[in-house]
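The same subunit A turns up in both complexes below, where it pairs with subunit B and then with subunit C.
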Partner chain A sequence: MNSPAARAAWHTIRFLGGRIGGLLATLLASSFVVFGALYLAPGSPMTFLTHGRSMTPDAIAQINQQYHFDEPFAMQYVRWLGGILQGDFGRSILYKDAVSSLLAQRIGTTVALVALSALLVAFVGLAIGIFSGLKPGFASNALMGMSTAAMAVPTFVAAVVLTLVLAVELGWFPVFGVGTDPIDMVYHLVLPAFALSLASIAFVARLSQAAIRQEISADHVQTAIGRGFPYGVVVRRHVLRNASLPVLTVLGLTLAGMISGTVVVEQVFQLNGVGSLLVSSVQQKDFPVVQAICLVYVAAFIILNTVIDLAYSILDPRVSVGGGKP
Partner chain B sequence: MSALLEVDGLSVQLPVAGEFRTVLQDVSFSLEAGQTLGLVGESGSGKSMTVRSIARLLPPGARTTGSIRFDGASVLDLRGDALRKFRSRDVSMIFQDPRAHTNPVRKIGDFLTEAMRINGKVPPREAERRAVELLAEVGIHDGERRLKQFPHELSGGLLQRVMIAASLAVKPRLILADEPTTALDVTTQSEVMAILARLQREYGMAMLFITHDLELAAAVCDRTVVMYAGAMVEHQDSSRLHTDPLHPYSAALMQARPEIDRRVPRLPAIPGHPTSAFEAPDGCAFAPRCRFAEDACRAALPPLESMGDAAYSRCRRAAELRGHLLATAEHSGGLGDGAGVGDSAGLEEEVAR
Partner chain C sequence: MTALAAIAEARRRTRKRPLGRHLSILGWCAAAVLAVVALLAIFGPLLVTVDPNAVDLSGAYSGPSPEHLLGQDASGRDLFSRLLSGASTSLVGPLLVVVASTVLGTALALSAVWIGGWFDSAIARVIDAVFAFPGLLLAILATSIFGTGLQAAVIALSISYTPYIARIVRGAALRERSLPYVAALRVQGLRGTSISLRHILPNIAGLISANATLSFGFALIDLAALSFIGLGVQAPTADWGAMIGSGMAGILQLEPQEALWASLLIVITVAAANSLGDELVKRSENRS
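Coming up: the complex of A and B.
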């Protein structure tokens, strides 16, 4: 730790270690909440399983053998967590199948939906934001006005209206389903992804516009202009690079928000994904599935945030790695 | 001999809340190659606007009249490539606040080599080698290490030296220095100033130097322009400005500084507060604060008149008051040898009441 390079490496390791440690701690805490929530809900899990009917002691013993309701809460939690660490999320009550294989069948659709939505947000949202930021005028004001309106539209309204207009009336897109091959799947997912990302596109557009406007009037941009650089160089090297920092943070948060939005969109478009499975499982009180999906969503959310955090500290040198003053 | 920079009748109006406000009126001066001209005045007197007009860095929507000629070419008519060439090769600007004027997410090395790489098409390694040399010239000897640092890791003085090094990188013919030492502490100020003055001589660059500091202007500049409310009030040789000021404002500024070898109970201050060009009254803008003002001073803005020896003043009473302006308030009553001065002493008492 004598040379600056070694010290910098040590700072980086400590920084990464801290972030990953925090990630694991948050995951552990949320797993406890997810598991414990079942016991906070009215009625015991046993009642869910027996639908309130009285059971023979034999049947109850059989259920207990499978679900271990007779054990203390802490014991059950540890057993559940241990199973998850080995990839075993328990068995679905409704489907009589391993939860992990249920999830595996459906997660592809949800991941594809979120990925497509993220691409829409990144390309359409940033394109609108950058254009409006760099070219003030009527078009910019109109786009910002539309964005403000779009931000106010809830996902379920967007989904229904888009289906009615683009799928039912105009017939440009399929009304529901996920299609058969990958290309067909993308075609089927365009409308759901658009419904899911509409508010986020608008939000990212507004935010990047504001970030660019602010950065373009910064003093250091004056320096760059005063040095006689071409407009493109000034924009690329000094405006967009700096404006990307606040946008990145929000991009990450909206992406995380869209993960939870899949629940609504998958239901409306009848996509066979994790979100619609969650809705049906909640309705059917299939608690091992609900627990598993909640945990997966929370994990995705936390991991995404950690990744954004790390990316931010790479992009902005002022965010000190390791907390120490260099 | 034609001057490197000729500013003639420059006026600037800026749109503020829907109306145009005058920030500069009728500014004219010229600067020979290798010479230094100081621009002195209070905040809002139009010093920075003058320099920004020359670098063509005025805010969008600014209305400019008059002419600025650099090496014979009209700066205000430059467009596109010609403007970029002018900014990248001919002039270089050093800003007051180096921290705000460097991109916080780019390294010092990037800041120093950027102009060479983009405008001069210098290969990166060559540009980096040059950057280390430039840093050595401004007294930074651990250049290789500094190139890898970010602006927030450097002190203000160090960063201003980097700024100076960066502006030298392209070997401009004119340096526009907008209060380059104001944001620095006093000891750093003199260091940075010494470096800037030495390099300006070595490189043979002309310099337009903005400052509040009259001593500094006298030490660094060949000639000095004193500005008030967007207009030049005096323009003459820097050393003579101190011994023989030609405008009551310059004289009052001179008197408002402490002298190191004399003890005074209270420094004389200029009564009132500085005015911007757009809120200046008709007539002489300084009249409301001037102890020599007469009714005629408030009637019309006097022109900038030659007082001989390439000295100019915008005071209608300049010839009459010459030599008496530096007399302090206590002494001016006993001066008594000119009726005009006697009158003004009376007026000053009136103002005091």
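Coming up: the complex of A and C.
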């Protein structure tokens, strides 16, 4: 049992267990916040849910059946959570439909939007960062200056300016909607994805530029260049490899950050995704839908963060499984 | 190190440094921009000559003129006075978020570091849990419960910004606590509260204010986004985020003045807060 391999395996298991335990605890805590929010509302939960709408006794019985208001608070929470784990997100008061089917119709748009934005961040952000990291000079400084400015541009400002210039004035892109077939959908999503990812592209560009500059000035890289190794090989083997670690972490974190940005972008471009459903449900006081979407968003955010955390420790053996040294 | 030398060291560390001695030109510009924006927010209402809510449908989307310096919006309201009177609505919210989250985060972190043990790990856990909830989402949830408007959003954002400050302060306070001057003060019999408040806090104040400046920019973006999607400041109150939202209709008719002016003010303010904050963070890191 005391062999190094066994000890390493034990540490890995403990590390994974700790992270997954933490993940479950955070998910549980945030589900409690989302559920308990109902009880922070002024008035009784029932009057909050119905919100002055005239409801048929049937509809009220329906809500009661969904939330079990006749039972103690703890039981209500457990039943609600149990339902969600079985894919039952409750029923929308407004649409009189299961929330899960509302979500299912709309989640595709949101996932496509986030995925396209992530691709933009990864390719454009890294390209700018690597270029200006490897080729110092006027172009590099200009790009970094532009990135600094772009980081201060909020998503909705980017959306407004892109719509004005590229959609309304030049007419290169559609202003609204998601289109019909997959290719049309990508075409419709280019502007929204660019608006969503602009600040992240700038951030990743600056970070990867700084990481590459730092790696290039490292002693082992300078030695390798001084000994006459081909520059390309040195860059590939020593610079990019070491610089990729911090960049990958940030890439993941910005992806997680873009999740809540979809709320704003879908609203601007009138995309029928989950984010615009959240906004309209808040405005129309359809609380079961608000609750479900908040839970889905937070869960996606937490799970992504944990995955990044794990990926980082796989890529960098030094931080993995803390305390692995004998 | 003797106790006396440690106390001398403590005095040296606590000595006040003139603010801005190490600011670059860019940092000074950023500070100047923030000062101008703050003056606009305070004295803006006095400069307004036209009622920001006065509707004049005949003047819809008309361009700049002597009476209307920046032109009029879709309902013919004066853009210049709306931007000016919107400055206070747009900036007070983020300011409240920053003050509340900084005070709360600093208090939590300092007491966690001083008391230590289970209390510290409990606070660290809670901080991690709140960190997991995106700020904008918590604000949207809060507005859906307490009604649209700034109040609920500001409280929600204050809560979700607290862990950010608390994490940074906790790390810095842990480092300070292990330094000899703290031990020397303890030997002299000072109580934990006065060591924390009168000695550790002044030493990390630079770092705290630097991060508060940074989070002002983020809070401004979050609150403006909320008003933009219609869940924050409600019409007809003027607010930069809400003005971009109502200016969207003008964009489609190639009348973008309202949205563009409000965007410009938001971007300039955020850029100034970000670059000043960045510089202050670097300065406070170099110091210790």
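One rule holds in what follows: the second predicted complex is superposed on the first by the 298 of 326 C-alpha atoms of A that agree within 3 Å, B and C clash if a C-alpha of one lies under 4 Å from a C-alpha of the other, contacts with A are read in each partner's own complex, and residues count from 1 in each chain.
To be clear about the criterion, a residue touches a chain if its C-beta (ideal position, glycine included) is under 8 Å from a C-beta of that chain, and two chains touch if they have at least 3 such contacts.
In this text the structure is predicted, and so the values were computed from the model without any measurement.
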Item to complete: Would you mind checking whether subunit B and subunit C clash or fit side by side on subunit A after the superposition?
Response: fit
Discussion item. In the overlaid three-chain picture, which partner chain does A:Val268 touch, first (subunit B) or second (subunit C), both, or neither?
Written reply: second
Practice prompt. Rounding in steps of 10 degrees, give the angle subunit B-subunit A-subunit C taken between C-alpha centres.
Written response: 80
Discussion item. Per the contact definition in the header, classify A:Val33: touching subunit B only (first), subunit C only (second), both, or neither.
Written reply: second
Worksheet item: Is A:Asn141 contacted by the first partner subunit B, the second partner subunit C, both or neither?
Response: neither
Worksheet, complete the sentence: The answer to whether subunit B or subunit C touches more of subunit A is C
Discussion item. Touch test for A:Ala41: subunit B only (first), subunit C only (second), both, or neither?
Written reply: second
Practice prompt. Check the residue A:His220 against both partner chains and state whether it touches subunit B (first), subunit C (second), both, or neither.
Written response: first
Discussion item. I want to verify one number: the closest Cα approach of subunit B to subunit C after the superposition, in Å.
Written reply: 17
Worksheet, complete the sentence: Residue positions on subunit A within touch of subunit C in the complex are 22, 25-26, 29-30, 33-34, 37-38, 40-42, 48, 148-149, 151-157, 160-161, 163-164, 168-169, 175, 257, 259-261, 263-264, 267-268, 278-279, 281-283, 285, 287, 290, 294, 297-298, 301-302, 305
Fill in: subunit B partner contacts - residues on subunit A that touch it in the complex
218-220, 222-230, 233, 237-238, 241-242, 245, 315-318, 326
Fill in: subunit C - residues contacting subunit A, complex
128-129, 132-137, 140-146, 148, 217, 221, 224-225, 228-231, 241, 244-245, 247-248, 251-252, 254, 256, 259-260, 263, 266-267, 270-271, 274-275
Worksheet, complete the sentence: So, in the complex, the side of subunit B touching subunit A is made of residues 55, 57, 83-89, 92-93, 95, 97, 100-107, 114-115, 118-119, 150, 152-153, 170
